[in-house]
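Have a look at these structures, which come just after this line.
The two complexes that follow have chain A in common; it is paired with chain B in the first and with chain C in the second.
Coming up: the complex of A and B.
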C-alpha cells in the first residue's frame, strides 16, 4: 500500500503497511487546526439513520445529508468523458504520436534461470534503423538479493524477463532489431511448479534473502521474513496454541484443502509509456494507476528533481493493480529517449504483458474451522502457500482474519519462489483466494451444522451492512426456493450459492486539488489523480456540481497530470475515499470566495446566498436570482481558486461497531447450471449487493460491480497461466488460449448498492473496485456444490475438473 | 472476418516478410492482387517491399495516403501513419476485436488485414461513425447506459454493435451476444453493452 495510507481494518490486508500516525502529517503546516462540531448522518439508508456529532477541522465543508436529499450526488450520472470514449477521441498512452517519435521493443530472456555471460549488440547496432539500445542492470519488478546488487546485468530468473530495449523509427524495425541482440547464458537448474519448488532439494532461485518492493496497490510481501530454500515465510498472525486449544471445545470441525491458480491481469491497454527526455524536463505519457508513482520512480532513477518530471495519464486502458511506478519498461524508454534524443514509445506486446508485469499469485490452502452446535465460531486456522514467481506477497489470510467474529484465529502465509514472472497487486490482493477457501469452509460448516448458510452468517458476522446485503440478495435470487445439494434429477443440475466479501476502508492523505471559478462562468477541477476506468472524473464533477448548484457537465475536470496538485494513486480502492472529500472541501471554499465576490451585486451578504439549479439567490428571496453565469460576471476579480486537502478521517465517539463497520464488502449470490454429462458450468444469474459508504455515482459503481463479478467468474472458470515444466515457458501468452470471460459467458447480473453512512469525511464515500471481485469465485463454487453435491476446491473449475469431481463422488458411493 | 494465422515460433510479420505478399495475402484469406510496382518483378504477381511504398486508403470517405512497408497492418497504418488512434490494438492477432473497423460495410479485425489489401475499399473507423456532431445511436446509448469503463475496448465494441444494427434492425439479446462474441472487455462492461445496443436498435426503429 502507499506510504501514507491509513486503514480502519482491524487486521489489514497482509501487504499493508501500518497506519501513519496523525502527528506525522500536519495539515498545511498549521499547528493545531481549529475544529468545529458538526452533525453527520450515520447508519444505513432505508434501515436506520441516526445523527452523530463529530469534531472536524474548521476547513472542512459542511456535512452533506443522505443521498435522497441531494440534487446530483447519488444520482446515476453518465460519464463526463463518455463522448471522448465512444468517438475514439480519448487519447491513451498507446495513442500518443509525437513528431520524430521512435518505437521501442523489449529484449527479454529466453531461458528460465541463468547468469548472463555476454551480450553482443553489434548486429543490432548495424541495422540501418537502429537508433539506441539500453540494457538493464537489474530486474526492477522482481525480488532481489543483496549480493546480486553488484552485478552488471540482471540475474535471469524466468522466461520473458526484460533485459533491455532497443528503439527504431517504426515498431516493426524495433522488433527486428531486438531479435538481433545475442545473449549468452550460463544456464542453471530451474523450477516452475510450487509443489516441487517447496521440496528441500529443489533448485534454489534466490541465494540469500530476497525482498520485493511493494506498490501503492499492495503487492510485495512483508519485509524481513525468514527464508528457507525457496520458501519465504511463514508470516504468522494470531496464536497457534490458542487456536489448537480452542479447537478442542468445538462441537463440529471442518477441514478442507484448496488450490487457486495464477491469474494474469490482461488489461487491454498493455503497460507502457511515451518518454520525452529534454535537458530540463522529462515528460512521460504513462498508462498508470499512479501519476505520482511514475514521477517519483523516474526522478529517483535519473537523479532529477520531482519538479523536472511531468507524468500525464489522461486516459488509461485498465490496470487492476499492476500499473504503478515506472517499471522496467519505463526506465528503459527513458534511457532510450535520452540516448536517441527523441521521444520514445514503449508499449509492451500481449505476450510481454502476460509475462513480466504482474499476476495474481497462486495458492495452496489448508483451512480448519471449529464451531459450537449453534454455529458460534470457536477457532479458525489457515495455512497458505502461494507462488508470486520471483516476487513476493502471495498471502491469502485476509478474509479469514477479518470477515467473521471468532475468538481464536491463526493464519500462516508463505511465498514459494518459482522461475516465473513476479506477481503484483491484483484487485484485492490475496482476497479472492482467501474468500475461495473461507467461504466454502463456512458453506461446508453450515451443512454439517444443518443450518442455512445465511442463518449461520447472521450468527457469526456482526456487520450491519452485510446483514442487510444478505437480506436484499436472498430475496432477489430466490433463496427460499433453494433446494438441498445435488437434488436435481436431470443431467443438467442447478444450484444457488452465496459468499461474502471483505475489504478495507483505506485512504491516502496525499490527495489534493484546486477548484477554480472564472468570470466567464467556467469551473475547473484540477488534480493529479487519474481515472483508470472507474469513473472518478465523473464523481468529482458531481461533487463540485452539487456544491455549486450546477450540473456535472458544467464542470471541467482536468486530472491525470503531475503538473496539477498531487492526487492519490489508485490502488486498494482508495481513490474515491481519498479525493472526493478534497473535491468537496475545495469546491466549498471556492464557493465561499465566489459568493463573497458577487454578494454586493445582489445587495446582500454572502452568507445569505444560496446556489442551486444553476442559479445564485438570497435564501429568503429565491425570486431575486442570477444565473451562475450572470453571477460569475459580477466577480470583481477574473478568477477565484481554492485548494482542497484531505484531513484525517473524523473520529467517531462510538468507536467501531464490530468488524464490518471498519470494512467495505458485499454479499454475492449466484445461480449456476452444471451439465453433468460434459462438466460444463454456466453461471446463469448473479446478484451482487455491495456497500461503498455513500455512493457518489451509482451508475459507475454498478459498472464496477459488474466488472468485479465478471473478472471473478473468469477467474473461477477459465483463466489459468500455464507454464511448461520442461522449459519454463508460458504456453498461453495470448488472449485465445489464455481464456477470459466473453459475451457468450455472461450471466444476468443484478448489481445492488446499499448506502452506508459513517460520518468519516466531508463526502463519506469509499471505493468499490476490490470488494466487487472478492466473493465471486467462492460464490460460484458454493452454487456448484448446491447443484451437484460435490465440493470443488480448485479453480479454474474447468469441465475436466468438474467431471473428475463427479467421478470421485461416484467412486466413493459405489 | 479474417482467420488467425498461427503464431507459434514465427511472428506474422516475420512470416509475411519471408513469404512475400502473395503468400501473405493467401494466408489471411484476402486476394493478393497488388496493383503497384516496386522493385523488379518479371513474372507472376509483383513482388513489393520490403521498402516502404505509397499506399492510398479511403477512410471515412476521405482519401489518405501514407508511405508504409508492405507488412504494415491496416490497424497500424491507421494508428501510426494516419494518426487515427480511435482504433485500438490489444492482441495484434485476431483474438480480441479491439481493432474492429468496417471494410465495405463488414466488420473486420484491422490487425489481421494488411493496409495494402485495404486499398480501393471503403474503410470506416470509429472516428467516422458519428454524423458530424450527431452521435450514432449505438454511441449515444453506450454513454446513456455507461457501457464503458476504461474505454479501451469501446471503439471495437461499438463498431461490432453498430455493424449488427446495419444488418439486423430487430436484434435479440442473443444476436448482440453473438455480434460481440469476439470482442474482449477486461473491465467487464458486457451487460451494459447488451442493454445499450438493444436500446439503440429501438431508437433506430423509432
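Coming up: the complex of A and C.
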C-alpha cells in the first residue's frame, strides 16, 4: 500500500465504494483534452463478450482486442530476467559492493517497555574497527504520541526495536561493536497479549493519542480515531441499529468467533540497502517496493532535493507489502554513510526481519450473519479487535463489507496496542483475516439452510467473475463428489472446501514511462517502477513488443531507478493496472513517430503501415516489407522517444459494486486430508481460479497465484509469531521455529485464469498479487470442516488446535 | 560470534591434546555454529575432528553393529545394512532436518547436540540450563516442551537417532585421554536435569565418542521409527516413537519402546513395554499400553495435546508392528 490515495480504504477496511484513486496530477492548464470515442470488448472471454463504447483521451493507444487475437500479450512468456536470476548474474541490494564500503549493524532494544535513561557508546567507539554510530530520535515505523516528539531518544515499546546503528569495515566487526553499546533503561510495565491489553487496568502503551507515522510505507489505520487505554477504535461502518432491526427479519442466523495470529512477512531477501552519501548526491541501492517512496523519505529526512537522491532497485527478493519508504534502517544507513564518509551496507538479519519491519496484525472477530430461508442475506455484523503491536491498522472488515450483497452491514474494527513490533501492509491487508471469518460464516450458514455452499454463493454474490470461477473450480476439484461433513471412516478423513476472495482494482495515475527506438533497432522502456519479483519487467516487454510487432526479448526494459520517469510504487496490486496502459500508450506514440520516419522509404504514408512479426509493411501490400532493423536504419534521426502517462480509468456505465465491477474476484477450492489421530492437516490439492482483468502474461500470473496459495496455506497451518508472555521476547525469530510451508507441504496447485474485460484502460489489465492469498486460509478451514465435521475457528490450525477441537466435539457429543 | 582459533586434529590423541576447557570439538559443526551465532557458546579454540580417519564405518561383527561417530546422517539413512535390521535407525536419520544438514551432520554430533528449547537458545534468557535460576518454559511458551521429567528444566532431547539407538539398546565407546576407553549404555549416558542441570549427558572433559555399538536384533524383530512434526519438511518432531518389538505370531514377546520429543532424554516407555509384553497385540491391548505410557505424564499449560498425540501414535505404531509381522 504505497499511495496515499490507496492506503486508507482497502488496506484496513475498505469503504463501501472501493476507491479509484485519482493521484493528484498537475492539470495542464484549463484546456480539456481531446477525446475520441472507441469501442472496447467488455465481458468474460468464453462466457460473453460485448462491444462497448468509451470516450477516451485522444492520446490513448487504440483498443486491443481480446487476448486470443493478439500475438504476444496473453501468451505465456518466460521471465525475460529468468536467466540472470538463476545464474546469479542479477544483482540484489546485498550484492552491491562499492569500494571502501562499510557494513552496519542495528542496535536494538532488549526490553519490552522503557524510557531510555542513558546511552553509553564509549566502549563501542574505542573498538579499533569502529567507524560511525548514529542513534535514532524516534521509531519511524511505529505510532507516536505528540508528547514524546520532544524526547531525545525513542520510547522503547517492544523488544527488538531499532534504536541506532554502527558501522565498521566488516559485518563481523559491526556485529561485535553493536553489542558494546550500553543502554540504561527505566523499565515500565508491559503487555503483549491483546486480550490482556484490552482490559481497563492493563499497562498503557501510548499515553495520549497515537498515530502511526505517515510514511510512504502505508500500513497504519485511519487517522483521528478515539483511543481508550490500549484500544484504538472502533472504526464503525454502516448503521448498527439498522443491522439489529434487520436481524429480526432473518429466518436463520449464525454467530461465530474467530482468531487469527500475527504473521511476519519472511521475504527471503531481508530489508536493507546500500547508501552512498556524496556531497552533491545520495545514491541508494534499496530492496524496496517503491523506489520513489525511498527517495521521498530520504529527501525529507536529510533536507535534500528529490533530484539529489537516486534510488535503484534492479532486482528484489520479496516484500509482500513491508518494503516501502526508507524505514529506520534506511535512515540509519544514510546517517552512517554521511558520518563515515563512505558507502554503507545495512541488511537486516533474520531476527531483526521478524521483529521490526512489519507483520500481519492478529484478529479476534465476532461475526453474525442473518438470512432468509432462501439464502438471501438480510444483515451482517462483524466486530473485530486486532493487534498491530505498536502500529495501527488491524482492521479485518473488508470482505464482510464488500464481498456479498446484503442490505444491512455493520462492522467495527479496533486496534489493540501491545508491546510488540509494528505491523505494516501485508499482502491484502485485513483480507485473509476477514475472509477466514466471513467465508466460514457463509459455509456455516449454508449448512444451517441445508444449501450447497456454492448454490448459496450463487444467490448472494453478484460478481460475474466469481460466478464463472465457481463453475470452473467446482468442475476441476470434483465438487459433485463432495461428501457430507465428517463422513469418511478411519482416522484419516478427506474433505473439500471453497472460499472466495475480493480485492480492488486500484491504480496510481502518477505512473509514467519513456519508450525509445534507436536507429540500430534497439527498443528501450524506461520507468522508475520496480519489479518486486512478480514479473512486471516481462509484462512491460510484452506490451511494447505487441505494439511494435516484436518479441519480448527484443525490448530492453530499464526499471527500478528514480533517474527514469516516475513509476508507481508496488502495493495494493496496483502495478500492472497503473503502468501497463502507460507502456502501451508510450509504445504506440513511439510507433507513430517511428512510422512517420520510415514511411518515405517505403513510399507510403505512415498510416498505411503495419508492424507485425518483426517487420514493417504496407497494410495492403505485406510482401513489400522491411525487417524492423532495416526500417530503423531508415530513420532520419538517431532516436525517437515518447512519454506515456496514465489517463483516468475510462468511464463505464456500471457502478463500483454492480456485478462485482468494483472488485477483483478469485475463488479457491481445496482438498485436505486430516489425520484425526495426530491432528495433522495435509492440503492435497488446490484449485485457484482468478481474474485480473486482461492477463498480460498468464505464466507470470499463475506463478503469483501459486505464491499466494502457498503463503495462504502457510498462514493457515504453520506461521505464528510467538511472544513470550512473561518477557515480551519473540521466541521464534528464525525460520526453524517460525514455521513456513516447505517443499513437502506443497499441494498440487491448479491455477486457472479467466479473462475479464472492463474497457477501463488501454490494456485493461489489473493486478493479482493480493487476491491470490485472500481466500486460502478460509478455503482450508472449510475443507477441514468437510473432512472432520468440526469447525476450526483459529489459525494456525496446528495438531494441538485440531486435537483440541476434536476432543471438545467428542466431549460435547458424549 | 566470537573470534576463535582453529585447530585441525589428525588423530584422536592430537585432538585430545588440543582440547582445553575453553575449546570445543567440531565434527559436522551444524549445532556448534548455531550455538556460537546465538552467543550461547563461545569457544576460544575449535578442535576440528571432521577429518579423523577411520571413524565412518558401518560394520556388523559378532552380533554387534558398529557405527562410526563421523558417519553423516545421510550415510546412515542410505545404508542397506542398517536398513535391513535396524530400520528405526535409518528412518530416524532419514527424517531429520534437511538434505543439506543430513549431508553435514554426524552421528556423534547428533547425539551430543544441545537442546532446541527456545529459551535455552536465546541469550536474553539466563535460564537454569545456562546457570540461571528460572526455567522460563514452566510458565511460558511451552507447547513444544517435555511432558515427562519436566519440573526442573522442560527441554526435550533433540536427537531422533538417540531415540532409535536407545530402543535398540545401543552402547557408546568413549575414549578419554591416554586412550582410556569405556563403554556405556546410551540410555544411561544421556542424563536428566536432576542428574546435571547444565548438560544432557555424562561425557567427561576431553572425551570423544569413538564407536556406537548396536546389538543385532533377533531375526523376527520389528524395528520402527515414527516422526510426527507440524510440518513434514524441515521441522522438529512434536512426537516421535522408536520401537523394537519381537513377536510370536500375534503375541508380543518383548518390547522396547522409546518416546522422543517427550522428555529431556529419550523416554523409555517401560509401562507400555510391560503392558504389551506377553499380550496378543490388538486394538485393545495396544490402546491400553499406550494409555499406560502416558499415565505418569505431567503436561504443562500448552503441551497437553501431546498426551492424545502420543497415545494415538503409539497405538497406531504397535498395530503397525503387528501388521508387519
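We adopt the following convention: the second predicted complex is superposed on the first by the 774 of 814 C-alpha atoms of A that agree within 3 Å, B and C clash if a C-alpha of one lies under 4 Å from a C-alpha of the other, contacts with A are read in each partner's own complex, and residues count from 1 in each chain.
Going forward, a residue touches a chain if its C-beta (ideal position, glycine included) is under 8 Å from a C-beta of that chain, and two chains touch if they have at least 3 such contacts.
Values in this document were obtained by computation on a predicted structure and should not be read as measured data.
**Q** Output check: A:535 vs chain B and chain C. Expected answer is one of first, second, both, neither. What do you get?
**A** first
**Q** Residues of chain A touched by chain B versus by chain C: which partner has the larger set?
**A** Tallying touched residues of chain A, the top partner is B.
**Q** Quick one: classify A:744 as touching chain B (first), chain C (second), both or neither.
**A** both
**Q** Taking the superposition on A as described, I'd like to know which of chain B and chain C A:678 touches: first, second, both or neither.
**A** Touch partner of A:678: chain C, not chain B.
**Q** Check whether A:807 is in contact with chain B, with chain C, with both or with neither, and answer first, second, both or neither.
**A** After superposing on A, A:807 lies in contact with chain C but is clear of chain B.
**Q** Answer with first, second, both or neither: which of chain B and chain C does A:172 touch in the superposed model?
**A** Both partners, chain B and chain C.
**Q** In the superposed arrangement, which partner chain does A:637 touch: chain B (first), chain C (second), both, or neither?
**A** After superposing on A, A:637 lies clear of both chain B and chain C.
**Q** Is there a shared patch on chain A that both chain B and chain C touch, and which residues make it up?
**A** Of chain A, residues 172, 175, 736, 741-744 contact chain B in one complex and chain C in the other.
**Q** Would you mind writing out the residues of chain A in touch with chain B in their complex?
**A** So the residues of chain A in touch with chain B come to 78-79, 81-92, 94-95, 97, 170-172, 175, 265-269, 315-318, 320, 349-350, 532-535, 699-700, 702-704, 706-711, 734-736, 740-744, 746, 748-749.
**Q** Within the complex, which stretch of chain B touches chain A?
**A** Its residues touching chain A are 4, 7, 11, 13, 69, 71-72, 76, 79-80, 83-93, 95-96, 98, 125-127, 129-130, 135, 139, 142-144, 146, 148-155, 158, 176-178, 180-194.
**Q** With touch defined as at the start, can you tell me which chain A residues reach chain C in the complex?
**A** That would be residues 110, 159, 172, 175, 491, 677-680, 717-718, 722-727, 729, 731-732, 736-737, 739, 741-745, 798-800, 803-804, 807 of chain A.
**Q** Write out the stretch or stretches of chain C touching chain A in their complex.
**A** That would be residues 1, 116, 118-119, 122, 124-125, 136, 139-141, 143-144, 228, 230-236, 238-239, 302-303, 305, 308-309, 312-313, 315-316 of chain C.
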